[in-house]
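Below is one structure, written out as structure tokens; the observations come after it.
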Amino acid sequence: MRLALERRAERSIAIALLSPVIAIALTLVTGAILFALLGKPPLEALRIYFFDPLTDPWALQEIAVKATPLVLIAIGLSMCYLANAWNIGAEGQFLIGAITGGWLAVVTHGTGAGYWVLPAMMLLGALGGALYALIPAFFKVRFGASEILSSLMLVYVAELLLDYLVRGPWRDPKGFNFPTTAEFDDVATMPVLIEGSRLHLGAIIALLVVAAAAIVLGRTLKGFEIRLVGAAPRAARFAGFDDKALTLFTFAVSGALAGLAGIIEVSATVHHLQPGISPGYGFTAIIVAFLGRLNPVGILIAAMFLALTFIGGESAQISLKVPLDLTKVFQGMLLFYVLACDTLILYRIRVMQTQKAVHGAR
Amino acid sequence: MELVEAILLTVITASTPLLLAASGELVVERAGVLNLGIEGMMIIGAACGFAAAFTTGSVFIGALCGIAAGAALAGVFAALTLGLAANQVASGLALTILGVGLSGLIGTSYIGQKIVGAAHLHIPYLSDLPFVGKMVFGQDAFVYVSVALIAAIWYFLYRTRPGLVLRSVGDNHASAHALGYPVLKIRTLAVLFGGACAGLGGAYLPLAYTPFWVSGMTAGRGWIALALVVFASWMPWRLLIGAYLFGGITILQLHAQATGLGIPSQLMSSLPYLATVIVLVVISWMRGKAGSPAPASLGLAFVPDR
Amino acid sequence: MDDAVAVAPGPGRPVQPEGQVPLLEAVGIVKRYGDFTANDNINLQIWPTEVHALLGENGAGKSTLVKMIYGLLQPTAGEFKWQGEPIVLTGPASARARGIGMVFQHFSLFEQLTVAENVALGLDTAPLAGIDERVAEVSRAYGLPLDPKREVWRLSVGERQRIEIVRCLLQNPKLLILDEPTSVLTPQEVEQLFRTLRVLRTEGRAILYISHKLDEVRALCDTATILRGGKVVGTCDPRAESSQSIARMMVGTDIGEVRSDGSKKLGAPRLVVRDLSLMPDDPHGIRLEGISFEVPAGEVLGLAGVAGNGQDELFAALSGEVRSDRADMITIDGRAAGRLTITDRRRIGVAFVPEERLGHATAPRFKLSDNTLISGHVAGSMVRGGFIDRGQMVAFVDHITKSYDVRKGKPDPEAASLSGGNLQKYVVGREILREPKLLIISQPTWGVDAGAAAAIRQAIIDLASRGAAVLVMSQDLDELYEICDRLVVICAGRLSAPRVTRHADRGEIGMLMAGVGIKGKEDAHAARA
């Protein structure tokens, strides 16, 4: 007896909705086993990790704060992946957005510039991210170079560029030699939504982007084009859509959104440029995109769940003395389980009899 | 002269982990599977290798554990992409994220610890020969293994029937299936082998290159190894050239930083990554004219009909 | 029902010694798929050292018969005898074990492996060492020049075919089957192949040669068995027959109902193709050479031809999926359109129905409503200012469903879940309901049940009678005779002069399909004059 895959006549909508839920459940079960192996009480650890933050107002706010960049990046990535273009360098585009947007904050620092600074920073951040993403996209459509590898390599380059800037030309002279720019002025800082909290305007922007993406993907010809090029390339050519132009387009959009996420993050929560401004948002967003089934609303929910793993990981680090890397383990497992469950949307698993069937029809 | 010798020696050691990981991936891709999770398998190999070597005091056992850890993670990838026909790109990313996380978990209690690194060969007289002595007869065992591995892979792929069948599976899985070859079984074995090689390549870092554990110490080498396979056009001996070329760039930029030429160190550090992108573009561009040497079924899921 | 003359095995048969048995004999072979009979009581004898041709149109049942001989299919009734003994062939391996080898029309080669490696993979157990020498030896002995060390992707189609032949010969077959071997070869390569085949015959091997090219069959073969509609309609010595008489047997003389009475009032030309020449991107593709024709308003022009003679390439050139070198090679309603995109061509009133329903005409995993956008996004009310109107799309699906009687399980299923006939009605409906001025349609009723086929053909005729021009590409000659006003024939990327369907002799059309009578440019130029 063995297991084999069998194609379904039509995709299973029930499984499509259930798959992320099953994946999360499996992750929790595996997590419990992992905690037990680490010598921690499994149920209590899961509670601290995944449920306590939900009962704490501060933690809830933090979830929204951390979900904001994840949503923005994942929305862009989902468009790429739908169109079968593999941008995995969003982390780099995020950093470049922070740099190009942050540049304006650095040069206007202390000049008493007006309120135009923040919107202009957003624009520059999005532009920087888009241009940076267009590099691998151009190499892909012009030379056929793998966009997977080149977009990823540019992450390291962006990290080093940021490192160079904050240690070199942009370093705060009054910063005791720390690798950081000066604190952004108020006009370069994202306003908070509630006085005294960290919840900022970026969360609203992220919600608007979700709504816009839902409309684009579900209600516009561009959204149809994105889905068709990814799902049936020959039919897309028959429909008159240009797959190369679309690769450039989706990379530009996802780069712009990652760049926007980058500049929002520094202007809203960090308030200056320094190395390590991202705890890997660009990579976590890939998981968000898949967990959210490449659907804008799904991504919104998935981003909050992944943000929860960040917050839970931090509190577990303090109260359970488990390493912060546990968060990555959870995230990696989650992506595995989502991908595994996704198979069930298109296939069903059949138990095959090993004994040779009698198909000797003569 | 001594400086040149020292540089060449370090080039070889810097290239070895790339070579080990890339040669495994070459076999995987030749079988038609794209495993983007090398970085994850390398770092888990590094963490497990260091932990085992620290506990037992044996670099050899450390290396074995690194191999086992890499292969185990590859097994998860095989189950997902071959058993469940999941998307290979996304699964490879998941593997990297998981591997990096697990390595941090395993390595956390070893931060700051040191071991005695892998011993270097010493043959009287030969190893003392000027210039070539140390380079040819004075390396650690991993270096010899990595070169032997390339030779073995070349022999396997081009001189044995199983190697031929493996290449046929990567080239056209439908035809290979029709001729009666077990596509999924062959691919599973290839993926496990690739994981073992990546695990060994990762283990080299804390066992020989820098004999202590640093979180995230593979630093993108897994991704460079992937690019090397493209650079080598899926041919084993070219991999050797590519790996030493990239090792050379890594070492040269280190030396250039040390001399303080006034070039920002970050620019020098980014050279291996930029070089990778440039190499990818040039190779793809040249290939565009001459037809692709990539295995034709690379990255495509295969579900046998029945 | 067949008035074709079955020529008895007569003089000219080279070897049929007294008291000997045929190498292979088919006795009353029947193959049915449901109600459809692909092979109907086939009797056939192949003698040692004989080159035996199997002739017939597409769909005549040649491939089915050959696949049974090679063990890929099992007959529903009847039996095969090998050297007089009844045999059951359970698969290619058992056929190979008897000494039957086959060279396929579409090669099953590994592109990146070398010639020798490809040969080795096909042999069940062969040591790798020495395979180079064996390949070199065989290729020398039979005049099949091949470098064992070269990778397949570097090779021409002819060289690829030689690999398959060498692979067969290394198994030392007594009977070698070749399926349309010359359809992909240059004239020089054909010469080379024929020399090889003659050498094989002198060694005592028999060859079963499947073809539709009459001149080749007459040059090479000792015996020809002609199939039509799954039945043997004649056996003859092709050297003793004329091309005309063989063509008549292939195509038959029973003419179906011709709808066109030839008295239609035709308008100005809507589609004018002039000297269209195009190199294929794909090395397996067919080169179009100097194609010229026109389709006036109100006419249905039929394009006949055996599959793989340039129909796909011509469709891509007309649709704009492949752009022509010069704009004036294709003129649509007086406008030079050769460089226009498919979207722009739709915009000026052209509609296209490609041969492949799933994956080309539709996205398999998209709903029918989404699939309306594939051509519907260009004009009409489904897209306004970049936004799509789902209500309109669903309404259009309903409209198609009603007008073309599309049967489906639920209101808006995925395209892949429809049966072939219903999906074809959906696609044809989707394009014709847009009221195009010019319709290019390929294989309109391929794999469609009789009722649906009749509806689709009627829709095409009605569209033309409303003043549209229609080009129908089909391998079904009966269909073309039924609905077309004029016929052209494509062979090896060249087009014949047009014939008025009412006066077109089926034997002559059959010869054109086999490449007899298409001289290329001169003929096509004459067509315009």
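All chains are identified by letter, namely A, B and C, in their written order; residue positions are counted from 1 within each chain.
Keep this in mind: a contact is a pair of C-beta atoms (placed from the backbone, for glycine too) under 8 Å apart; a residue touches a chain by one contact, two chains touch by 3 or more.
Remember, predicted model here, so these are calculated numbers, not experimental data.
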| item | value |
| --- | --- |
| Chain contact graph, described as a line, ring, star, complete graph or other shape | complete |
| Dominant interface by contact count, named by its two chains | A-B |
| Rounded Å distance, chain A centre to chain B centre (Cα mean) | 27 |
| Separation of mean Cα positions, chain C and chain A [Å, integer] | 49 |
| Complex contact set, residues of chain C against chain B | 108-113, 117, 120-122, 127-128, 153-154 |
| Chain A - residues contacting chain B, complex | 3-5, 7, 38, 86, 88, 136, 139, 143-146, 148-150, 152-154, 156-157, 160-161, 163-164, 167-168, 283, 286-287, 290, 322-333, 335-336, 339-340, 342-343, 347 |
| Chain B to chain C touching residues, read off their complex | 159-161, 164-165, 167-168, 171-172, 175-176, 178-179, 291, 293, 295-296 |
| Chain A residues within the chain C interface of the complex | 9-11, 219-222, 224, 227-228, 231-232, 234-240, 360-362 |
| Touch list for chain C against partner chain A, complex | 74, 88, 90, 319-321, 341-343, 346, 352, 354, 356, 359-366, 370, 373-375, 377-378, 383, 386-388, 390, 413-414, 416-417 |
